[in-house]
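Take a look at the structure set out below.
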């Protein structure tokens, strides 16, 4: 009944916990179009499936996700039948429309979408190996998936600004101290402990879990929608800008980007 | 001048600190209609009384409150002259309409309303014996008294979701670490230390305290009102649902509730 | 190109970091009209100057700032050509209109505006000598510069209420623990470490930094504007009130203020 894909694994247990595993370990679980679409489909179906009480989102091979798979990125994607601009753009509303508890279990690399998707979940358990990064400044871009809102809602205005503006790496201890993750566990216990908490939640009535999430979401719905609008507008302006092209080119050429060249009169 | 009741004690000192003590220790200070009404009346009168600068809300007998007294709960209460559906529904706006500093001093059991009322106060001092719980998922219900908003505003979006969805017990150390309470003190010092902080605040002009609280409330007024609306709507839908009836019946029968029976097609 | 003033120093380095130093150490960098205006002008020009990527705001002589210089305060200031009521009122919108990263490096005394200006910055690094205070209750007044919002956004609703209502002193360790500052450093390392983080940020494209800040500000713009409106309205009501005059008179006469005289029928 739940979507099948070679790169997304799903496992539903008798307690009503569905584990959704990003499974392209050789690419550090970077998202390509198939993964965006399958994850979105899985969430949509899990939302309606009475056997599913809670979803745990995790990655295989020791990493959560390195974000968008740039190697599969298409500047001018083919038109989609659902009307969305891209698989990524179709994924975001599906993520926020999921009405049951959604827990992220993250370890290893969690960068870009690999960091902002967990922030859109209800809460996050982390393995000690976590290395998280919001690389948008570094890429000449802006936050995505509502993270300009969700990050502040999780860790406060100041800490969010420091992380977003500096694009610094965040380890598990700092993520916990700031409230970016709810718990840090040894990597080998991450799966079991997250499942244990998921089952604790899954024992309650789905009607109540759904309603509790609805009441909690009342506080942030408008903020997340506004954030996504402003993010998308800014992303449209900056993607493909000279700064963004320099960032991507330098990354490909394995050199440091030179953004100072753009500090000339007329550009501020 | 202040309301009298056998189950609510009030004591006003020369510094302008009014201590309002929930006093049904044999019921762990569970709220019955008389307590909802007397607490609301006390807050209304304290708001107008020029001798009162600060109110401290606490419980007697080593517990704060176990929330609604289910044994006094009436499914179809008599109509009230104030137009509110119940004493509980009349209490909530009185709590948020109180314009002077309101400090909760909590210890022992703080469950349901015993947890959400402190969250509606300006801040909370806790004794080391604190055992707090948001039991709504467990009861097949949703948060109340605006706590779906106030909890997130105090401790952030992620931690709030974990506590609300799992209905887990929270001890004093965790409550402090998350920012759910401002300070933790040995139980035997809780009363004296809270009074000391209350008197520190009570030395300032009441006009300024009222205006400072007004500026702080500007940030959350709309959020709290929206939360209460959505909470009430969901509570009306879930109270008396098969899941809620199973929760209450299992509690009375001292057995574990079986919510899995409801995971059938057509109910999600 | 950047404004010059004896009481505001500016230094721009090759990395694009502009350090703006409040420089009236003999008055603990209290703000007079010239400082409000020069700081506002510097921010306006730095916003347009393509050489500036990041601004660091700091104070000289071991203190950040003791806030408004009461000795230079004029009850009925001369009309200003910019239409603002005072230099202070012209400064506030200039502060929030600055679109590039703004970091505060604070140590020693940070009181009143010296505490609320850092809260309006993107984040704050603090020296161990920090002694911060929000003295508004003590003065019979209310928070300013949107701090009734920004403080809650940084540290949560409860902790903000405790600090604002009690006007207590805050040291560096507590400020860090609450999230009021992002990092605490030994005083002698504060300047170097803040510069180092500022340069880390300044390496990224200014277009992205500006856009990231825009996305982050989406979450708080309306809240800050509403806070400033309510703060100004309340400040207009309370400045010059008997309570405020007693506070200022007691301060001048080096005695404890007596606010209890105002607790009479008709004043609550």
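Order of writing sets the chain letters: A, B and C. Residues in each chain are counted from 1.
Throughout what follows, a residue touches a chain if its C-beta (ideal position, glycine included) is under 8 Å from a C-beta of that chain, and two chains touch if they have at least 3 such contacts.
Bear in mind the structure is a predicted one, so any value in this text is a computation, not a measurement.
Number of steps on the shortest path from chain A to chain C, with steps defined by chain touch: 1. In the contact between chain B and chain C, the residue numbers used by both copies make up under half of all numbers at that interface.
For the pair chain B and chain C, the distance between mean C-alpha positions equals 35 Å. Residues of chain A found to touch two or more other chains are 153, 155-156.
Across the complex, chain A meets chain C through its residues 136-143, 148-149, 152-153, 155-162, 164-168, 178, 223, 226-227, 230-231, 234, 237-238, 241, 243-244, 246-247, 259-260, 262-268. Chain B meets chain C in the complex at residues 16, 47-51, 53, 101, 122-124, 150, 153-156, 179-182, 197, 200-201, 203-216, 218-220.
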